[in-house]
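Since the structure comes first, as structure tokens, the remarks are kept for the end.
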Amino acid sequence: MKLRVGILGATGAVGQKFVRLLEGHPWFELTALAASERSAGKSYGEAAHWIESTPLPASVAQMEVRLCEPGLDCDLVFSGLDSSVAGPVEKAFAAAGYPVISNAKNHRMDDDVPLLIPEVNPEHLALIERQNHASSGFIVTNPNCATVGLTMALKPLQDAFGIDAVQVTTMQALSGAGYPGVASLDAVANVIPFIGGEEDKLETEPLRLLAPLASNNGEPAVIPLEIPISAQCNRVPVLEGHMECVSVKLHGSPSMERVRQALADFVWPSEVAALPSAPVRCLDLLEDETAPQPRRDVHRGAGMTVSIGRLRSCPVFDVRFVVLSHNTIRGAAGGAILNAELLASRGLLLHRDRPS
Amino acid sequence: MKLRVGILGATGAVGQKFVRLLEGHPWFELTALAASERSAGKSYGEAAHWIESTPLPASVAQMEVRLCEPGLDCDLVFSGLDSSVAGPVEKAFAAAGYPVISNAKNHRMDDDVPLLIPEVNPEHLALIERQNHASSGFIVTNPNCATVGLTMALKPLQDAFGIDAVQVTTMQALSGAGYPGVASLDAVANVIPFIGGEEDKLETEPLRLLAPLASNNGEPAVIPLEIPISAQCNRVPVLEGHMECVSVKLHGSPSMERVRQALADFVWPSEVAALPSAPVRCLDLLEDETAPQPRRDVHRGAGMTVSIGRLRSCPVFDVRFVVLSHNTIRGAAGGAILNAELLASRGLLLHRDRPS
Amino acid sequence: MKLRVGILGATGAVGQKFVRLLEGHPWFELTALAASERSAGKSYGEAAHWIESTPLPASVAQMEVRLCEPGLDCDLVFSGLDSSVAGPVEKAFAAAGYPVISNAKNHRMDDDVPLLIPEVNPEHLALIERQNHASSGFIVTNPNCATVGLTMALKPLQDAFGIDAVQVTTMQALSGAGYPGVASLDAVANVIPFIGGEEDKLETEPLRLLAPLASNNGEPAVIPLEIPISAQCNRVPVLEGHMECVSVKLHGSPSMERVRQALADFVWPSEVAALPSAPVRCLDLLEDETAPQPRRDVHRGAGMTVSIGRLRSCPVFDVRFVVLSHNTIRGAAGGAILNAELLASRGLLLHRDRPS
Amino acid sequence: MKLRVGILGATGAVGQKFVRLLEGHPWFELTALAASERSAGKSYGEAAHWIESTPLPASVAQMEVRLCEPGLDCDLVFSGLDSSVAGPVEKAFAAAGYPVISNAKNHRMDDDVPLLIPEVNPEHLALIERQNHASSGFIVTNPNCATVGLTMALKPLQDAFGIDAVQVTTMQALSGAGYPGVASLDAVANVIPFIGGEEDKLETEPLRLLAPLASNNGEPAVIPLEIPISAQCNRVPVLEGHMECVSVKLHGSPSMERVRQALADFVWPSEVAALPSAPVRCLDLLEDETAPQPRRDVHRGAGMTVSIGRLRSCPVFDVRFVVLSHNTIRGAAGGAILNAELLASRGLLLHRDRPS
């Protein structure tokens, strides 16, 4: 029997991506859609300005949109809420016993909330124990859309050598700003060298994700690493796919051959590789010197594979390369669904009684 | 009486920009157009596939295109030749007594050829003395289109503090690839993380431009600096304007305030400020946190001003910022014309006898 | 002494274009800026999110934005107001004695308001007599941004032959939707086959513009022509310049040669040709089979020339062609300024006493 | 046992689309790839500059590219050849006994060659009888990429009412020009109002496709209809999907309601609906007034469904609407594969002996 899932913030861009990716999911069945007062009471087809490139499933179009309040008919909720409202709403759902799998930034840095990429730090799930919500409710988060690609590329390097410093410049897709997001007069044939709050996330979230699980007075804890990261973030006229030019200083100045091996041989946990949304390869190391490109490579692994290209030595640091990840799949809804799948496979998601 | 100028490679994208910028020039008059055998003998209007956004002047359209061989009716030539042919052609013109003001890369690193940005290293013109061409011919070059913005931004920092290391990631306009250049299927809604040969130029040309004029056995010489620069170059769907995200390590870790002052107070030689194509400000330090942007700022100073924005401290190095420069004006034809103006103002361009 | 002008709706996209085009105008001096309550009291630099591609003049940036109420310190006002508020505000200014030169649609079809393109129907200015506003106030309007190009192309054909029917399909620039206007996710690499209210304007405004001035009980009147026009309007990812594919059925099936002559020989009133913003040619008939194109031709005549290309016979009607006009210059602020210049040259704009 | 298929012109844009669409095809197995001398002898991965947005299958990458000469190891060939060479090559393959399913224009108007859209004119296949090629070879063609959408939308109207005249303006995707095709400097933020030869195809091919099968001295024949069609073709910065604004004059001025019914109730042959590449609906009549859009709707029916939107009455003719079809799937490789499937289902494709 499938787990029944709800979506908070269902009408927004991330909410729509959840709807699309959950269609035909082997483990999850969409049973509840919730959004703001403006949408509540309407059918989803009426409330949502559908922007996906495949038609809205008719069965979803007819579902009624509810308010974002506990009582939704589902076993867990995915949160695509805007950060202006996500904080207390997610807390309320967790308190009411719902597992909350959130894409919002609000609780990412909370001491007791896992900030999770299954291939990178599945052991951080232990933090859930520290959340004292009634009836098995809890919150799990996935990182910022630009963090995920960078972190997945850094993970094998941190494991193999240790990282001393990182410089990263991003070229991020328009869909990262949601809808309506960036005005077309600012986007067409232009670059905007600023994305509010983004650089700070890129400079801090990887340090939490890459940190080992520690113990603090007998309780699981994550103490962020202290690696200096400098991020410069740009918006470019691309629809999907965040590109990042990365330069990394490594311990012990390893040879390029060893670096290449570390990236090519990256092994992620078999429990993750077996999840329905896990791609065949979570990292693709591309040899073509013009790769990766958003138009050509963003769909690798159905948007869940992170592509790395142009791997070469750096005259200033040790190694540099380009990373591409799909910002609304791997970097948002798809990443959250993979998190939920990991939770499900560990037995952390339970069938709840249906509201009477 | 105006100096009569010719254009080598007149039908290409850079050649067309020379035509446009020379229209109504106070010191130069266009009297000769030269291109390959395919175009020679035709009228310019017939030979050139005009791609500028203002109409081709009728008087130029009627001029006959000649072969790229000495004998052209002009006092100096601008070279917009492709690097596949520029080397020997430019040598031949210099040998025949023509000053050659070149945008091609071929002779940029020659020991006796000035690689010149008037605001940065006008003293390098002394290298001309070492060129032993008959009848006052010589070659002067301007740097790569992405080098010029970076170098002009680094110049005040090198002067005030000294530079230890530079990381730069570029987002370069399509027009930098000439015409037809990048295929639209590769350009629209895409980023290409590779531009052949570009990173090498960005990592070497600034070291020559920023070097002081030295003396080698009594002769003027330029010994490139040895600062490590790491460049990562990308093509983005922008028409005009190269953006560069720069991070710089400086001697002595100066305060941000001192860095800001160094950039804001940059003084360039008054002989340069007086040239017809010199902008009112060669550097514009912008305060708006979303600046500079190609669409908004590339036309500053008629495309001759370099814009700097997002100046802030760097968690890894000392300072970081974004640079924007117009790649086909400041970074190509406009830069070359400014070079010619400096030569003219120093009396290094002479009226030649007209070919009989 | 220059006429002092104010701008209503000064912070919007059209208002900004007025600011830019009025800079250095020989007859008009910008003395007042007015906008909504949100902006009133602020400096213009603070209130306006400047989107033009040349920097905001510092002198304008310091001007204080006022409310859109009579009492502004100027001799006339340009209205770039949104149609949601333009109607009564423009009436109020006219009633208070200000000439109102409006780009808004609200009063375009009023019986006593001239809908004016100086080259097409300058005699319609006689309608002003019918406006009974105190102290010489009145309203004059310019047509919709897509109407102006179509109408200027149809005018010589109507004069020479008479028009029986018109089919027009437009491809309109993003700037026509104002700022922020179209969301970039809807614009990049896409076409939107709908622009609210636009088709109706294209099917009616030309009929008023092309109508002769008539007399109704001794008063000047305009009775719209009754030519069927079918308009299909699309938004395309272009920044500036509306393209229109037009097919026209003419009286008497004239030869293509006669049609070509009618367009090429179009003569517009010499009083209009002498105005400061009038282009050298109001119509450019282009022979290159790939012309006109927004990127290449939209700036002809500083954005005031309408380009016509691909003139050829039509298998269904008689003649077809492509029209390009600059939607925010000729089609908005520039058109309004030309209207004001015609009024000024006829002595219809007077210096008013300054508010005490 | 699957039919073994070859691709002529396999390295080009259309050839690549054939490769992609044939991957995992239930009836066809790719066994031969052929291209020009430049590619012959190389592996496909080496010879083709892969531009599809999904990775090139490794098994295909390793196949050797052969010359476009009979002797290929396959039962039939798909031709994605350029029209500059397709004519005689396709004839040679047919003469050698290969069924040739061609996307090239060369033989589309030949008296004895079916120009085929399975939903529109499957009876035209009878023309094959007139081709006197040895060993069951023959040629079947699909129409131009812009013709197919227009014709599929006109078919129900011609059947229900009869068509008197058509005006169509297209906005065509860049991929229609192949690779490298349109230069990015001509494409970004621009419209090109000319596509060589395209208007002629749109004005003639539908007349052949919509004509009934006739008999000429006992032989099957197709006599094109004589409906005036006026086509104006434009290239717009869209990657995939041709949009067309259509206005149609119908016999007897039927009501909009009857027109809507004719389009909504269009029934296509059940033998076609059963083919593997046939979409669930070959026509989608969309009600949203902003539909269809390339980004949102081009993938309907995996690119095989033609979308119609904005259906409304026309002030000049009777009815107007917007058509969207996928130009490289329905309009090229996908259309050709559907043609081959129809042939296969009728038993017209046979297993050939393998070359010894």
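Lettered A, B, C and D in written order, each chain numbered from 1.
As a convention for this text, a contact is a pair of C-beta atoms (placed from the backbone, for glycine too) under 8 Å apart; a residue touches a chain by one contact, two chains touch by 3 or more.
Just so you know, these numbers come straight off a predicted model, no measurement behind them.
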Shared interface partners, meaning chains that touch chain C and chain D: A, B
Equivalent interface to C-D, taken from A-C, A-B or B-D so that over half of the residue contact pairs match: A-B
Chain pair showing more contacts of the two, A-B and A-D: A-B
Furthest chain, CA centroid comparison against chain A: C
Centre-to-centre distance between chain D and chain B (centres being mean Cα positions), rounded to whole Å: 48
Centre distance in Å when chain A and chain D are each reduced to the mean of their C-alpha atoms: 40
For chain A paired with chain B, centre-to-centre distance based on mean C-alpha positions, whole Å: 43
Sites on chain D at which at least two other chains make contact: 51, 185-186, 188-189, 237, 239, 295-296
Sites on chain B touched by chain A in the complex: 165-167, 169, 171, 185-186, 189-194, 203, 228-230, 232, 234, 236-239, 243, 245, 247, 289-296, 309-310, 314-317, 320, 322
Parts of chain D lying in touch with chain A, wherever the complex brings them together: 50-55, 188-189, 239, 295-296, 298-300
Contact footprint of chain B on chain D as seen in their complex: 51, 174-175, 179-189, 237, 239
